[in-house]
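You will see two complexes here that share chain A, one where it goes with chain B and one where it goes with chain C.
Moving on, here comes the complex of A and B:
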């Protein structure tokens, strides 16, 4: 049976795919980044439709800042960030096509053939969901998330350290005055 | 019905803000001035600059308004006078406010002008830093309330308002809210005189009117958030709930505007250095202190 929920999930899913396509159809790097943002926002809306409120809101919140930061990095590093020169930024097209197709088939196969177990009939209310998520993050999954967090922090510090141009330290002697 | 009522009160609040801003900035109390300026803006031609990113140019101001309105949806004016009493209200507020950044980047990039673009990217740096000072004090507030529901947060302050319970968090949140609403002295993305209006520079007519409206809704929303999280929301003696909310929101707004009148604009580098070196450690310290306080004095 098609419910209102299913229709909305389908709508946001298609919106996510459409914005994903727009990422590659535009020449402008900023448009590309913002399209990716709205693709992710649509994913967040899918979470909301599936009544996973905390995850949905979190997804929608995190992506806004992350994709904006990506946009400025693209503007800094790409040769034609505004896309006004219509410069083609793609390469290795045949390989990408094959890789993309294989990944797509793989994802669909996983979705179709995996045993998802029994579908939950009732959904816990949002406050309980949030509490359960908190207990999970600070209990069983703590090690995984802390490891990931520390790894990312290390990478950020390392990247900053590499990016800084070392300033030669010069000590002035009395004669140099 | 509740939604319409809240929107009406928001509209009144925005109008009063415009009067207040004029009063504080020019020293003239003119009740009709914002109406005249609005009519003037709507009557003026809305120029489209040469070779714009038209999509971004059009969407920027509208997204600013929508994001500010969505954030306003979780601000309670009384236990019942709230558009959406979400179970994740305090987090939803952050999510909606994050799109202010996207709106300003779009509005900065769209018109294909140097000043606007600098303004937009400036705001990126400003918000990436100051969003932390919004989120972390809210974390401490939610810790005390043991809930992300905004009405529960107000109820948790029945005995003692959070401004007394966690003054450090209040100070940080107040500064960050001003930075997020790019009010002077943090008005770096618009920076009159230095960037000739920055993000606003290329907008005129009806588009500028929407942009300004969105920003004013944003200021009222942030003042509402400050009142909700730190000043006990609608709580107060004698007067009805929503009047207390309105009084507190207007007082916070006036305080924000007064700070801007007397403090000169801060340099971008200083603003960011202060936030990363002092603001964020202080916000973490605030969470730590509140964590201990909750155990000692619930």
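Moving on, here comes the complex of A and C:
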């Protein structure tokens, strides 16, 4: 049966895919970043429709920040960030199209032909979901959660170390002193 | 089977396919990262749908989602670090100009 939830999931799903396609169809890199932001926001709206409020809000907040940073980097790095020159920056298009299509068809086949078992219609309210997640994070999955935290810290240090401008160290000799 | 679950999985598959196309076809490092973001977004949607419609009582499902979100953030951070280093040394983040990495 088509419920209101199914209609909204379909609508936001189509929006997410459409904006995902726009990312690679526009010549403007800034527009690409904004299209990706809209795609990820539509995904967050899907989560909200699925009554996963915490994950939906987290997705929208994280992606808004990430894509804003991405747009700034686009302007910094690109010769033509506005896409006025209509430069084609693609290669092996045919192979990529085939690979993308095969991946899509394969995943859809798995989604449609596998019996996933009984579907649960009802879900606990948001406060209970968040409480259960908090207990999970600080209980059974604490090691995974802590590992993710340490990995983030390592990546932050690594990214800064890679990006920082190397400063030549000059050691003064006795005569120069 | 629930229509919502199937539609979510098909949307995830479409995002995954578009991401594969983008990651393989683009020549710019930042655009390749956008493709990888879409691939991860497809995985994220599948995880949320499986948790919501099959095992909503198991909070570990949300934990997986948080891990994938962490991976997305890390990919961006490290990718931009590499992009800055590359731009500083070569003045471009075009991957077709990075053939010397193969040597």
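Please note the rule applied: the second predicted complex is superposed on the first by the 158 of 177 C-alpha atoms of A that agree within 3 Å, B and C clash if a C-alpha of one lies under 4 Å from a C-alpha of the other, contacts with A are read in each partner's own complex, and residues count from 1 in each chain.
Following the convention adopted for this analysis, a residue touches a chain if its C-beta (ideal position, glycine included) is under 8 Å from a C-beta of that chain, and two chains touch if they have at least 3 such contacts.
Remember, it's a predicted structure, so these values are computed and weren't measured experimentally.
Overlay on chain A: chain B and chain C fit together in the combined arrangement.
In the superposition on chain A, A:69 makes contact with both chain B and chain C.
Within the superposed three-chain model, A:125 lies in touch with chain B and out of touch with chain C [touch as defined at top].
Among chain B and chain C, the chain that touches a larger number of residues in chain A is C.
Touch criterion met: A:84 reaches chain B, while chain C stays clear of it. Shared-chain residue A:54: touches chain B and chain C both. Legend: residue contacts after superposition of the two complexes on their common chain; A:135 is shown touching chain C, with no touch to chain B. Shared-chain residue A:28: touches chain B; no touch with chain C. Judged by the touch definition given at the top, the superposed model places A:150 against neither chain B nor chain C.
Here's the short version: in the overlay, chain B gets within 13 Å of chain C at its closest Cα pair. Contacts of chain A with chain B, set against its contacts with chain C after fitting on chain A, overlap at residues 54, 58, 69.
Looking at the complex, you find that chain C touches chain A at residues 1-22, 24-28, 30-31, 33-35, 37-38, 41-42, 44-45, 48-49, 51-57, 59-60, 62-63, 65-67, 69-70, 72-74, 76-78, 80-85, 87-88, 93-94, 96. Residues 1-3, 5-6, 9-10, 13-14, 16-17, 20-21, 23-24, 29, 32-33, 36, 39-40, 43, 46-47, 50-52, 54-55, 58-59, 62, 66, 69-70, 73-74, 76-78, 89-93, 95-97, 99-101, 103-104, 107-108, 111-112, 115-117, 119-121, 123-124, 129, 132-133, 135-137, 140-141, 144-145, 148, 151-152, 155-156, 158-163, 165 of chain A touch chain C in their complex. By the touch rule above, chain B contacts chain A in their complex via residues 51, 53, 55-56, 86-88, 91-92, 94-95, 98-99, 101-102, 105-106, 109, 112, 121, 124, 127-128, 131, 147-149. Those residues of chain A whose C-beta lies close enough to touch chain B in the complex are 28, 30-31, 34, 37, 53-54, 57-58, 60-61, 64-65, 67-69, 71-72, 75, 82, 84, 125-127, 130.
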